[in-house]
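Given below, in the form of structure tokens, are the structures.
Both complexes below contain chain A, partnered by chain B and then by chain C.
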Partner chain A sequence: MIRRTGYHVAMSIVSFLWVAPILWVIVISFRSFDDVAANGLGSLPHSFTFSTYKSAWEDADEFRALINSLLVTIPAVLLSLGLASIAAYGLARYSIPFRRTILLLMLMGNLLPPQILLIPISRFVELIGYYDTLIALIAVHVGFGLGFYTFVLHGFMRDLPREIQEAATIDGAGPGRIYSSVILPLTRPALAALGALSFTWIFNDLLWSITVIRSGEKMPVTPALLGLQGLFVSSWNVIAAGTVIAAVPTVAVFLRFQKHFVGGLAIGAVK
Partner chain B sequence: MTGLAADRRTFLKGLGVLGAATLIPGCATSTKSPGSSGGASSELSLQSNLSSEQAKAAMENLVAAYNKTGGSQVKLNTVAAEIFRTQLPTYLTSANPPDVYTWYAGSVADSYAKKDLLLDVTSVWDSMGNYSKAMQSLSTSSAGQKIFVPTSYYWWGMFYRKSNFAKWGVTPPKTWAEFVAVCKTIQSKGIPPIGIGLGDTPWVASAWFDYLNIRINGAPFHRKLLAGEGDFTDPKVKAVFTKWREVLPYFDPKGKSFPFQEATSALLAGKTGMFLIGTFFADSAPKDALDDIDFFQFPIIDPAVPVAEEAPTDGYFASKKAKDPEGTKKFLAWLATPEAQNIYVQSSSGTAIPANPDGKSADTPLVKKGKAMIEGAAEITQFFNRDSSDALQPTADAALTKFLDKPDQIDKILADWQTAAQKVFKA
Partner chain C sequence: MRRVSPLILAFVLVPFVIEAVWVFWPALQGFWLALTSWDGLSAPRFVGFGNFSDMVSDPIFRTALKNTAIWLVLFGGLSVIGGFGMALLLQRERRGVGIYRAALFTPVVFSLVVTALIWRVFYQPDGLVDTVFRTVGLGNFVRPWLADPDTALYAVIVPALWRQIGYVMVLYLAGLKAVDPALYEAAKVDGASAWQRTRYVTIPQLKGVNSVVLSVIVIDSLRSFDIVWSMTRGGPYHSSELLSTYMYSTAFQSTQLGYASALAVVIFVLALAVILGYLIRAFREES
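Our next item is the complex of A and B:
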């Protein structure tokens, strides 16, 4: 009994530590600028206002920034998962020569720190005339995600029973049909988990957006938030409000796919 | 895979590397843009780093006013200051760069002129004869061309709350001895006399180095030192730190842990006595506290040294590859007029002073006093990074932060600083 209480007390403290920074941001987002300026960021709130949300929405143009983010994130997630699942299907279900090498090669790209590729990518995008477009950003995200998604999906598809595919072949299904009607539906938990993950990664990206985009009105939400910081002085309450707004889409996606996400984590846990 | 989600600092560090690397010739393969159209284009792009709410609105007003005058239409593009700083080399070396940029006068602009990236705006200066000599030399590249158009400046001073000084029974000091006496009095009331904010903003300490150096050794020595013609192990530099040690016990011990914006809150709340800072801090003050704020000039140490003040100058430069050089120059010439500068000063936070002597600054006692101080100064310096380079600033941050922690190791700190600075100058 004591052990159990101790466990709960300890875990409550740990969870509080985990949640505290988020709570702190939410509290700051409801404080007025004069309150923050006079009492400091760390003090207890002396004011309550919704105006911070209004100024984040209007001054940072967060609505347009969110639209830009979604315009990049949704196609990038769909494209990269679609391509990765086709690649994984081929590599996992057919004995393609050098398939191990191909897979390792794709994965190797992810071992490079992205900073190394900043100059080549920024120059290349400019060379082909797509600098400062959202298409460039989508292409970069698809390119970077592909290796890792293929690797994860490959592992999942490899473990699907051979007999299902054989039965489908006997029923007269070709590789395309087997992919779309048999393998893809069975891969859904893994796709949902990866979808939620990649959505968060792409949505929260800052590096690539400021590398390939120059115009303020095309910037996704992360650089727009950075734009709330002034040259010297920053309205932390407005930044906090902007951050809370920017977190909504990812939280929504996570809640929607939560079940798959937890299920997806257990993929391959038991052999 | 977490590479996609690494934190902002790592990203920006990487971007800094990107920015630096694109400046290296040969590494930056200049690409030809497929859509580059010859001849005059009707639109100029202005890349601005003034992203805070007020400054952004002021820029929008400014651009709207110019677009009404006819001529090329200007399109304002505001990006976050931090992104702008790291991406500026990329912007300038790209095939199709923005035409006009907000930036700082002095060697930070000259470093781009040395790479032959900036438009020669000598003809714009024909209409700017009334600008001060200091402004002219700040806007001239080392090759002797005018490359910059200054539009406003601000000043640094020792800021305090009038009501608190009255409560503690002290008056603004003029000399170093008086300053130390004021510190003693404030400390006796249980308040840390000198506020500072070095967490996240370690460059604030450079203001102390700058001011002590220009008060003890004079502005010419300071400029030479920052240009790499001096040596940080020079006994004259050590004298700066010997003086600094005299007031070190009066610094707010908490100042190392928070950024200058929090240090401003501490000053306003009466938790510190004075704060050596630029006027931009006023943007982070509640409006009702502003009337109670005053400043005094950094105390005079050696009356024989001509008085110099720090007045960082802001303005614009243009890309050498500007699509419509004549239209660009016309816009820059307009920015140099008192009318344009009045529009900006009136709608921005109000502590900036127009660079054009005929421009009207905000009509508050504080701004009048600041303007008089700068105009009365025999020499003008800007700030550590603006008088040297953004690359040298981190070496100063490292040395000064260490000095504040371990003042007795000054000889070793200065030797390390010299080594680090040498690397920057040789790069």
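Our next item is the complex of A and C:
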């Protein structure tokens, strides 16, 4: 009994300390500038205001940055999963020559440190005239993520029973039809997990954004948040508000797809 | 097996070609550029392994290499220990455990930039960290944490750990769930203590998860860029420089594109053993 109480007390303290930094930043985001200036960032709040959020949203134009993020993230997620699922389908269900080599090459591409690609990619997008466009950013995310998604979906599709495909073939369905109305619906759990994961990965990206995008008004919200620091030097309450705004979308996706999300992270672990 | 239709070939080839254009081809170019000297304006000039011999006498490179090693040991090691410990504490389903898990997991969904800014607010002069230090009588230790070359690297590792521990915990929780409970029962019947059950049943059963976690951690450590870039940009005086941040500033601020590519190759070589291990395991599972 005492042990159990001790356990819960200790774990409650750890959990509280873990979320404390987040709570603290939320508290600061509602403090007025005068309050912060007079009492310091380490004190308890003496004020309550929404003007910090207004500054971050309008003056720093985080609204536009959020739109940019969604304009990149949503097409990138859909395209990567769409392309990865057709590749995985072909590789898992048909005897393509060199299928194993192809699959491993694709996975290897995803394991490369991105640093090796930065300079050639920034040159390449410049060459084809897409430097500083959201399209370039989408293409980079799709290209770099494909290998991993294909690998995971391949593992999933390979384990589906052979008979369903045979039954569909006897009924006269072609390969395209089998993909769209038999295999894809059965792969939905894996697609949901990867969808939730890739949304946060792409939304949270910094490195690729600052490599292929230059103008401030095209920056997605994650890199834009860094710019906020320069814009509101030492207005930490506004920066805190901007941080909260930038964190909301991924938290929302996480809460909505919690089970898939955690399941997705664990996909690699139990193999 | 059945004959492969053109549609299926296209299904595989289109994504493969896309990855080839955006990953394989640039990667090959990256390796080639590492053997050149290039300012981005005139044509790249072939210098053989000149960039690599320059590194030997480059003090910033040595700092970055040392910091990357520290990062690997502290960030990697502590996140494995912390994540595994938390997974052991939180593996049993009982009341409250869901809340504790959620609390530890929350930072994982944030971007590293968000994480960095949360902690920058923390580290500000007269911020919460300083206030806490003063309250418990350690006021003498207070310093500009991120601006002091002696503390900057460690002040960046703390937030990185804060975010990574929850992630490693989830990986281990999934692994622990897959361990057959009958093994514990058998060990219990044989009179094994809780510690002995962890040491001789749990840990050996987690071999697969361990190797996945190890690869993920090493690859993540070598890739780490966002958190350092958002907090210190590798400064002050390169004291928190990692190979990844040094590569980025060499490429896009001092535009020494050949030397930067060579730095990227060093990162690749360091990651190679782990990448190969990961691929060999994937290969075995496929066959």
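The definition used in the following text is that the second predicted complex is superposed on the first by the 254 of 271 C-alpha atoms of A that agree within 3 Å, B and C clash if a C-alpha of one lies under 4 Å from a C-alpha of the other, contacts with A are read in each partner's own complex, and residues count from 1 in each chain.
Operating definition for what follows: a contact is a pair of C-beta atoms (placed from the backbone, for glycine too) under 8 Å apart; a residue touches a chain by one contact, two chains touch by 3 or more.
Treat the numbers as computed from the prediction; the structure is a model and nothing was measured.
> So if we stack both complexes on chain A, do chain B and chain C clash, or do they fit?
Here the two partners, once superposed via chain A, clash with each other.
> Applying the touch criterion given at the start, work out whether A:M157 contacts chain B, chain C, both or neither, answering first, second, both or neither.
In the superposed model, A:M157 contacts neither chain B nor chain C.
> Could you look at A:M108 and tell me whether it touches chain B, chain C, both or neither (first, second, both, neither)?
second
> For A:L118, using the defined touch cut-off, is the partner it touches chain B, chain C, both, or neither? Pick first, second, both or neither.
Both partners.
> So, does A:G227 touch the first partner chain B, the second partner chain C, both, or neither?
first
> Is A:A92 contacted by the first partner chain B, the second partner chain C, both or neither?
A:A92 sits against neither chain B nor chain C.
> Answer with first, second, both or neither: which of chain B and chain C does A:V140 touch in the superposed model?
second
> Applying the touch criterion given at the start, work out whether A:D34 contacts chain B, chain C, both or neither, answering first, second, both or neither.
A:D34 contacts chain B only, not chain C.
> Who wins on chain A residues touched, chain B or chain C?
Touching more of chain A: C.
> After lining up the shared chain so the two structures overlap, which partner does A:V212 touch, if you call chain B first and chain C second: first, second, both or neither?
A:V212 contacts neither chain B nor chain C.
> Output check: A:L127 vs chain B and chain C. Expected answer is one of first, second, both, neither. What do you get?
first
> Of all the chain A residues, which ones make contact with chain B and with chain C?
Shared contact residues on chain A (touching chain B in one complex, chain C in the other): 40-41, 110, 113-115, 118-119, 122, 144, 200, 204-207, 211, 223, 226, 229.
> Along chain B, where are the residues that touch chain A in the complex?
My answer: residues 1, 3-6, 8, 10-11, 13-15, 17-18, 21-22, 27-29, 31-35, 47, 49-53, 55-56, 77-83, 87, 90-91, 94-96, 98, 258, 260-262, 264-266, 268-269, 278, 280-281, 283-289.
> Enumerate the contact residues on chain C facing chain A in the complex.
Residues in contact with chain A: 1-2, 4-5, 7-9, 11-12, 14-16, 18-19, 21-27, 29-31, 33, 89-90, 96, 99-100, 103-114, 117-122, 124, 126-132, 162, 166-167, 170-175, 177-178, 208-209, 212-213, 216, 219, 222-223, 225-226, 229-230, 243-244, 247-248, 251-252, 257, 260-261, 263-265, 267-268, 271, 275, 278-279, 282-283, 285-287.
> Quick check: in the complex, which residue numbers of chain A touch chain B?
Result: residues 33-34, 36-41, 55, 59, 110, 113-115, 118-119, 122-123, 126-127, 129, 131, 144-145, 148, 200-202, 204-207, 210-211, 214-217, 219, 223, 226-235, 238 of chain A touch chain B.
> Which of the residues in chain A come into contact with chain C in the complex?
Spelled out, the residues of chain A in touch with chain C are 7-8, 11-12, 14-16, 18-19, 21-22, 24-25, 28, 40-43, 83-84, 86-87, 89-91, 94-96, 99-100, 102-122, 124, 139-140, 142-144, 146-147, 150-151, 155, 174-176, 179, 200, 203-207, 211, 222-223, 225-226, 229, 236, 239-240, 242-243, 246-247, 250-251, 253-254, 261-262, 265-266, 268-271.
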